[in-house]
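Each in structure tokens, the structures are laid out below.
Presented sequentially are two complexes of subunit A, the first with subunit B as partner and the second with subunit C.
Our next item is the complex of A and B:
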């Protein structure tokens, strides 16, 4: 894999306290984005996801393939107010989200997700039904909070 | 110019094969680690991933498809390693090598280590798997050594692994 400007760290944060949400913005000039989460959720297992451009409308959907160590399944959410990406708990978990072609103003936006956490391993695809370029990303748990010490890093991938 | 991905080390198995590939003296100067593996071994698709010569406190969750069904298991509850899948074996078509990518975020932290492993071994035959795997090493030590060990026989000649360090700044 080539080193250099193709894959650039944009922003990183290590939570100094429990947080209900984490926001990224100011990431223009790339083709794709990659968000790496490594951390825990306060209190217990919880789903979490992302919203774009402060859109809290029912414009998100998500389809998951998952396993819990004994059985596998698939589920989906539709017309949701958040793109469900992950399931995490009080044990250390990881999520990697690839946002493809996030800055175009023609197509609805999709992202591919790999998540380990809360006793599940999963792969997901999420959709935001908007043609707007993504200018901000807010990650938030549904019920609890991201716990102290959790880390988020956003990388930009430039095609040229 | 950011230099996000840095090749730390690589290893290619030579003539006669090898029981494992090891990366030692991994510096703690990166944020995450990424390993790209291309490998083939004896009559099993599984391989063991261990850190710092530890053989305790691992757990594995697998989600796998074999071309006809999707299933999930915990690798038999093995705790001596993250028992991964993604290596071709001698029952597979000759000359095919499996591909696996291992992502280890915050490998130098004092948290337990959550590990992503995505592996495939397509060979136009039977014993074909696509695996998404969640691994956990419940140990607070920084990872400074990684062993990729064949679970059956030896890794054959030309099996390879590349270890990259990823910096977030």
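Our next item is the complex of A and C:
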């Protein structure tokens, strides 16, 4: 039998001004998290990503599969100070990040991403080499800012 | 300028209404590793199913799945993936007895997946799946992948799902959660 409704909205914001980062820090009690971004970046195309628990060490990596309209490719980052999740620009873009089993304290953390933006469509897997439960998420562009009007929505999914 | 969001600012934008997505069952592997896990007696009261998992395995593997314990040659699938250095695609030709849903390249790193099983209770359609899965190893062998799957058997409703380590075991803390998504 089903154990009950879930996929609960935790926080939603629409940016009233350009922001260099957006932080989520109150999301206990779930199994997975899903973060949905719909918006733009100021000035130009830019990669952006997330950090967990204010960890700015070189503990993040990612692997991406992408298409640019004419060919498919793949790239990766390793020992980075941010988990690269997305590529966005001044035209509207979307990102959905699945943070799997984010509160466990026994395994490295892995997230799955779908991103459309900046002329690319992509899927990514990101790794945070920490066994700590994730208690905060900071999303930030590498060079520019999240633009006014961009929306972020965080959902929590609780397993039975 | 940065923005910090605390509790709880629900101002719309929800992609899925809270009442339409329900947790059905969860399996977390304990201290004894297992070669497979199953979800059985799945109620036919939803429109779609979703399985979300974070897997640890005893070695590199391509885990597989079946429906209703059907071991016949009734499955097919396609696979598009990136390794960090190249993009690739292949197919599991029709008439395989199991179908892949993930690639876990290392016992030292977990892999994650989200599997959607569409119209699982239909008795008039073959069943199809779509999967987003990946494992990153900080510069080592890695994979991010999109998978599709097809189960071709007499339009049977899906009442159980079997997930296999495919030659290795699912190890401690592997977790698999089954959810149901309602239609209108």
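Going forward, the second predicted complex is superposed on the first by the 155 of 160 C-alpha atoms of A that agree within 3 Å, B and C clash if a C-alpha of one lies under 4 Å from a C-alpha of the other, contacts with A are read in each partner's own complex, and residues count from 1 in each chain.
Operating definition for what follows: a residue touches a chain if its C-beta (ideal position, glycine included) is under 8 Å from a C-beta of that chain, and two chains touch if they have at least 3 such contacts.
Only a predicted model underlies this, so the values are computations on that prediction, with no experimental measurement involved.
Student: In the overlaid three-chain picture, which partner chain does A:75 touch, first (subunit B) or second (subunit C), both, or neither?
Tutor: In the superposition, A:75 contacts subunit C only.
Student: Regarding the shared-chain residue A:32, is it in contact with subunit B (first), subunit C (second), both, or neither?
Tutor: A:32: touches subunit C, not subunit B.
Student: Which of the two partners, first being subunit B and second being subunit C, lies in contact with A:12: first, second, both, or neither?
Tutor: So A:12 meets both subunit B and subunit C here.
Student: For A:66, decide between first (touching subunit B), second (touching subunit C), both and neither.
Tutor: Once the two structures are laid over each other on A, A:66 reaches both partners.
Student: Contacts for A:112 in the overlay, against subunit B (first) and subunit C (second): which applies, first, second, both or neither?
Tutor: Only subunit C; A:112 stays clear of subunit B.
Student: Is A:104 touching the first partner subunit B, the second partner subunit C, both, or neither of them?
Tutor: A:104 sits against subunit C, while subunit B stays out of touch.
Student: Which touches a greater number of subunit A residues, subunit B or subunit C?
Tutor: Comparing subunit B with subunit C, the partner touching more subunit A residues is C.
Student: With both complexes overlaid on chain A, does A:123 touch subunit B (first), subunit C (second), both or neither?
Tutor: The answer is both, since A:123 touches subunit B and subunit C.
Student: Name the contact category of A:92: first (subunit B only), second (subunit C only), both, or neither.
Tutor: A:92 sits against subunit B, while subunit C stays out of touch.
Student: Return first, second, both or neither, reflecting whether A:21 touches subunit B, subunit C, both chains, or no partner chain.
Tutor: So A:21 only meets subunit C here.
Student: Which parts of subunit A are touched by subunit B and by subunit C alike?
Tutor: In subunit A, residues 1-5, 7-9, 12, 36, 65-66, 72, 74, 114, 123, 151, 153, 155 are touched by subunit B and also by subunit C.
Student: In the complex formed with subunit B, which residues of subunit A make contact?
Tutor: Interface residues on the subunit A side: 1-5, 7-9, 12, 36, 38, 65-72, 74, 91-94, 96, 114, 116-117, 119-123, 149, 151, 153, 155.
Student: Flag every residue of subunit A that touches subunit C in the complex, lowest number first.
Tutor: 1-15, 17-26, 31-32, 36, 61-66, 72-76, 78-79, 98, 100-101, 104, 106-108, 110-112, 114, 123-127, 129, 140, 151-155, 157-160
Student: Where on subunit B is subunit A touching in the complex?
Tutor: Counting only subunit B, the residues touching subunit A are 1-7, 31-32, 36, 61-64, 70-74, 103, 105-106, 111-116, 118, 132-136, 164, 167-169.
Student: For a test of understanding, state which residues of subunit C touch subunit A in their complex under the given definition.
Tutor: Subunit C reaches subunit A through residues 1-16, 18-26, 43, 45-46, 52-54, 56, 80-87, 109-114, 132-139, 142-146, 172-173, 175, 177, 179-180.
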